[in-house]
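Letters are used for the chains, namely A, B, C, D, E and F, taken in the order the chains are written, and counting of residues starts over at 1 for each.
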Amino acid sequence: MHTVPLTLLTIIGEGLLRERLITEIERAGAKGYTITECSGSGSRHRRVGELLGENMKLECVVSPEVADKLLGILSDEYFPHFAVIAYLSPVSVIRGDKYV
Amino acid sequence: MLEVLRINLCSPISLAFVLGLFARIIRSELSLPRELYASLSIYLLLALGLKGGVELSHASMAELAWPAVVTLVLGVITPCTAYLVLRRIGRFSIADSAGIAAHYGSVSAVTFIAAQQFVQTLGFPAEGFMPTLLTLLESPGIHVALGIGAVQTARMASQPRADGSHPVERRPLKEVLHEVLTARSMILLVGGLACGFVMGEKGYEPVKPFFEGMFKGALTLFLLEMGLAAGARLGDLKSTGLFLLAFGMIMPILHGSLGVFLGHWAGLSIGGATVLGAMAASASYIAAPPAVRMTLPEANPTLYLTAALAITFPFNIVLGIPIYFQLARMLAG
Amino acid sequence: MLEVLRINLCSPISLAFVLGLFARIIRSELSLPRELYASLSIYLLLALGLKGGVELSHASMAELAWPAVVTLVLGVITPCTAYLVLRRIGRFSIADSAGIAAHYGSVSAVTFIAAQQFVQTLGFPAEGFMPTLLTLLESPGIHVALGIGAVQTARMASQPRADGSHPVERRPLKEVLHEVLTARSMILLVGGLACGFVMGEKGYEPVKPFFEGMFKGALTLFLLEMGLAAGARLGDLKSTGLFLLAFGMIMPILHGSLGVFLGHWAGLSIGGATVLGAMAASASYIAAPPAVRMTLPEANPTLYLTAALAITFPFNIVLGIPIYFQLARMLAG
Amino acid sequence: MLEVLRINLCSPISLAFVLGLFARIIRSELSLPRELYASLSIYLLLALGLKGGVELSHASMAELAWPAVVTLVLGVITPCTAYLVLRRIGRFSIADSAGIAAHYGSVSAVTFIAAQQFVQTLGFPAEGFMPTLLTLLESPGIHVALGIGAVQTARMASQPRADGSHPVERRPLKEVLHEVLTARSMILLVGGLACGFVMGEKGYEPVKPFFEGMFKGALTLFLLEMGLAAGARLGDLKSTGLFLLAFGMIMPILHGSLGVFLGHWAGLSIGGATVLGAMAASASYIAAPPAVRMTLPEANPTLYLTAALAITFPFNIVLGIPIYFQLARMLAG
Amino acid sequence: MHTVPLTLLTIIGEGLLRERLITEIERAGAKGYTITECSGSGSRHRRVGELLGENMKLECVVSPEVADKLLGILSDEYFPHFAVIAYLSPVSVIRGDKYV
Amino acid sequence: MHTVPLTLLTIIGEGLLRERLITEIERAGAKGYTITECSGSGSRHRRVGELLGENMKLECVVSPEVADKLLGILSDEYFPHFAVIAYLSPVSVIRGDKYV
């Protein structure tokens, strides 16, 4: 099949941010997203259990430009105060126009 | 007093809490499914609301007026005293002080229920409209504390920062207000009150075995989970320091005594004043944490969660409630 | 009639539904854990089956025969009328018409339960074998509608398509049949009936507090979730159009009246005829949606889910059941 | 005997198990949410412990002494007999023999409960301190079997291996011991016993409707899930072979008879001896599987899970318990 | 460690498709798969909640050929009617023969 | 944004191994991890349901060296006896020092 290279942006962090992050990525131009519940630990050793909810993983297939814009927003507004990480990985899709 | 303490300690509620605590201390793998915890808390809040609503349909608005007023007064005073103590004496940052104060200004539904059960067991049932007061106390304290935090931070921010960093953008208050008013616990409590009020004794009858017969058992299971959650935070006590430990036990006594006094003054029975005291003394760990986390992200969650859950909650359950009860009894003469 | 309506509206079931609806309308974050929803529905179906089975052990086959026949007749007629109205008058596509018709040909267990509770509260309990009829009505309507959809699409497909596209490959009917017959709700209902029948009154006794004592309370909690789910679909009402809105309220009245008539004719009591009417009037939202989604993927889920859940379900709960009851009472003389 | 069997087969517990089994056999999609399963098992264990603790507060230590001793003896003997039979007669590998033996040396709480309900229904209630014996039997057998496995493997490993491969590194026994002693089921049972003992009849009263009134119904739901789980393993019976099938039915009879004899000898009533027999006969499927999986990863989980869950559990529920009861009655009279 | 490059095929979509998609990938030659529950939103804005179940993410490590074959099947039979997306990403595994 | 290439190590297998695997990766130098519950099937056809728990997916962003070390440990001590797979994928992160 003919595939198109795009970028998968993965954001992992506090579940409370769910609605806010969805708004961010949609505003930045993402056409869809997928959310998975998860748990984890990182440099903040945040253990909050029931009271602040678990972590979530938000994944979206986007163009490199959108991914870059979102990394910027995350790094300015979220990384300083919230337990959040983000990374990019290369993916290939068909129907590439669906995502951009 | 000792007898009262013993009865309280041997209640299923206290014992389940201790069991959960103990399980965490010996590092047991025991844990309740998160969904069970969520389901139990939905059940408890709704049951509380329904029952309160049914009883509210018997109450006259006159009886309710003064207790409602003093409850709102408590909702304004307690976050301020907590903030001042934390900021001035404890020397916590603005964000941390406001964050912790938001918890102590609000109320813990489980502490409320435990107090209610306690006075009932001793033969001094609280007024039937107490759940109505619970809903009144839930949110004002959070807003007052978050408001203080916002104002103080703004004052600081108007002075240029040394490191040139920007303060976090504040969320519009309307958004936060909407969040707190439509929060799970609010809907269940207030909604339950309204439903109970409308259905009345007769409509309540067929669902009573579920919402009333199972209540204490479900509460026991819930307290087991609370014990587990508190136990998981015990380790943080070291890092949060002695001041917070003392704060978490003395503040409740002050707020609790104030609550009992005001309750007595407003005409509540011994049971009612005790429960109002426990409400004032308690720190929220359902409504407050997410509101604070989202609005004051600079506040350290370890501080407020540990204080509310691992210090004040067990303190109230085990020692506080009997103390407020003695006080209410003394006042009543 | 007004008094009946009032009683119905003030029942815990209706109030909980309205509370859920309201919570969604004010955009509250309240939601029940999915596992609680699944657990409650397993409990309700099994409890319904067990109780029905125990009562079936008292019933004579003679009493059951005609009601069973008319139930099956309803299972064949209602999907056809629904299909015709949607296709001819509503001008929906074949797939959408068949998809929606499958929902109205089947039955909503919660509507059934609500009707049963309603007539019981008013002192006209339905026959004990009604849950048996429920199981008879669950699947035929789905198959009839899906069958119509398959046949009609095949007829269209035999004519060459303008755009040269291929119709989706149909799934073998055997597979669909297996799926519906072994579906969760079928196993729980039919299995519960069988278990209840075998254990009888005496075996049922020790589990009665759980399956019967808790039933109405658990139902209340379930209706809260139904209200939330219906509320989440309210926004879709705009896109689904006025025709579907009217369809979702008029079709139940037609099917419901037919059900009451046939039930009365088959010898059912006032309560029984009311419940049969409610069954005929109701639209499935447990068994039908997945079956339709998998078999007729071209059908738009927004249409059938909104019609069944956000229009017909609340209509029946609030207005429909009292109407069918009045009708049954009039017929009985 | 036939009458006893019939009563047992028509109990809600057996019927629910059969329904679950049946649902799996016809490949139904029915499944209980994992969280419901976990919640029910937490509830059942805690309820068992609480009730046992309350009754323990009435018991004299003298009554308890001999039954406790024979229980511990059973905990040492049964894993050894099981190991020897599997290794010598069944020719299973060391790891598989030890792994399966760990399951038969421990005890199935649900089999215990089923036996308790069974003798109660027949009017021969077991002693109130039986749950205490259950906790005594839970872990020793696992350790004995895992110990045998470790020692035997070490002996083999001291001889050079043909293929030069290394045996898996053993986990320190202390770690395993900690795991088993702090396991979910241990905490709930032992913790429940302690809480029940402390709160006594009076503290238990308000939570009784929840922990005792709902018990049999919740157990019924749990057995439905057990049936589903057992049914899912039925297919493995082909690969596990005839020997294991026979083992899974004959071993329980031997261990069960031994349990009844020792129980009778230690002064237990007919009901008590029956329940002790069922405990000895049963194979654990909660505590043992993870312990074995982590400590003896070379052991094939299909073998031990299938034997414990798909063979021995249903055997005991349906046939075993009535047999142990007849035996106890013969001995007593 | 010596690693072998393979392809990770990720399929995200309606949970109802679970059994059907498992059959498809096994028929196409996948030797294993992993399924995670998730939720999400895309171009179809399908919100179905309890009634049609949540989304699922199906991941399988396969050879590039199998991945390509599966993309073809998905694009012909699933994309037109179901809310499903799929993408490929490069992965390295040891014991490469386990997957092909 | 300036990003740094790192390695995402994904381990999928028996949920029982959770604590042990966390210890392994932390000992090997991972600074954080994320865990998701999942189910699946592979060459061992392990179906254990409730009794031994579900599978889990453990993901950690690490340096290539740490990833390699962990693959070695997994392949020596876990692959022979446990139902576990692992694979590496390339990711880009900002704040690269957070992970190494």
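By our rule, a contact is a pair of C-beta atoms (placed from the backbone, for glycine too) under 8 Å apart; a residue touches a chain by one contact, two chains touch by 3 or more.
Worth saying up front: this structure is predicted, and the values here are computed from it rather than measured.
J.: On the document's contact criterion, could you list the chains that touch chain A and likewise touch chain F?
T.: The shared contacts of chain A and chain F, listed by label, come to E.
J.: Return the chain pair with more inter-chain C-beta contacts, choosing between D-F and E-F.
T.: Greater number of contacting C-beta pairs: E-F.
J.: How big is the rotation, 0 to 180°, that puts the C-alpha atoms of chain A on those of chain E, in steps of 5?
T.: Between chain A and chain E, the superposition angle is 120 degrees.
J.: For copies chain C and chain D, work out whether under half or over half of the interface numbers are shared, and give different or same accordingly.
T.: different
J.: So which chain is farthest from chain F, going by the mean of the CA atoms in each chain?
T.: Relative to chain F, the chain whose C-alpha centre sits farthest away is C.
J.: By mean C-alpha coordinates, which chain is most distant from chain D?
T.: Between chain D and every other chain, the largest centroid distance is to A.
J.: What's the distance between the Cα centroids of chain A and chain B, rounded to whole Å?
T.: Centres of chain A and chain B (C-alpha means) sit 34 Å apart.
J.: As a quick test, compute the distance in whole Å between the mean CA positions of chain D and chain E.
T.: Between these chains, centre-to-centre, one finds 40 Å.
J.: Scan chain F for residues touching two or more other chains and write them down.
T.: 36-37, 89-90
J.: Any chance you could list the residues of chain D touching two or more other chains?
T.: Within chain D, the residues that touch at least two other chains are 33-35, 209, 213-214.
J.: Pairwise, which chains touch?
T.: A-B, A-E, A-F, B-C, B-D, C-D, C-E, D-F, E-F
J.: For the complex, give me every residue of chain D touching chain F.
T.: For chain D paired with chain F, touching residues are 34, 37, 168-169, 225, 229, 232, 285-286, 289-290, 293-294, 297-298, 301, 305, 309.
J.: Where on chain C is chain B touching in the complex?
T.: 10-12, 15-16, 19, 22-23, 26-36, 117, 121, 209, 213-214, 216-218, 220-221, 224
J.: What does chain A use to touch chain B in their complex?
T.: 14, 16, 20, 46-54, 77, 80-82
J.: For a test of understanding, state which residues of chain A touch chain E in their complex under the given definition.
T.: 1, 3, 6, 8, 31-37, 61, 89-95, 98
J.: Across the complex, what residues on chain C touch chain D?
T.: 33-35, 38-39, 42-43, 46, 50, 178-179, 182-184, 186-188, 191-192, 194-195, 198-200, 203-204, 206-211, 213-214
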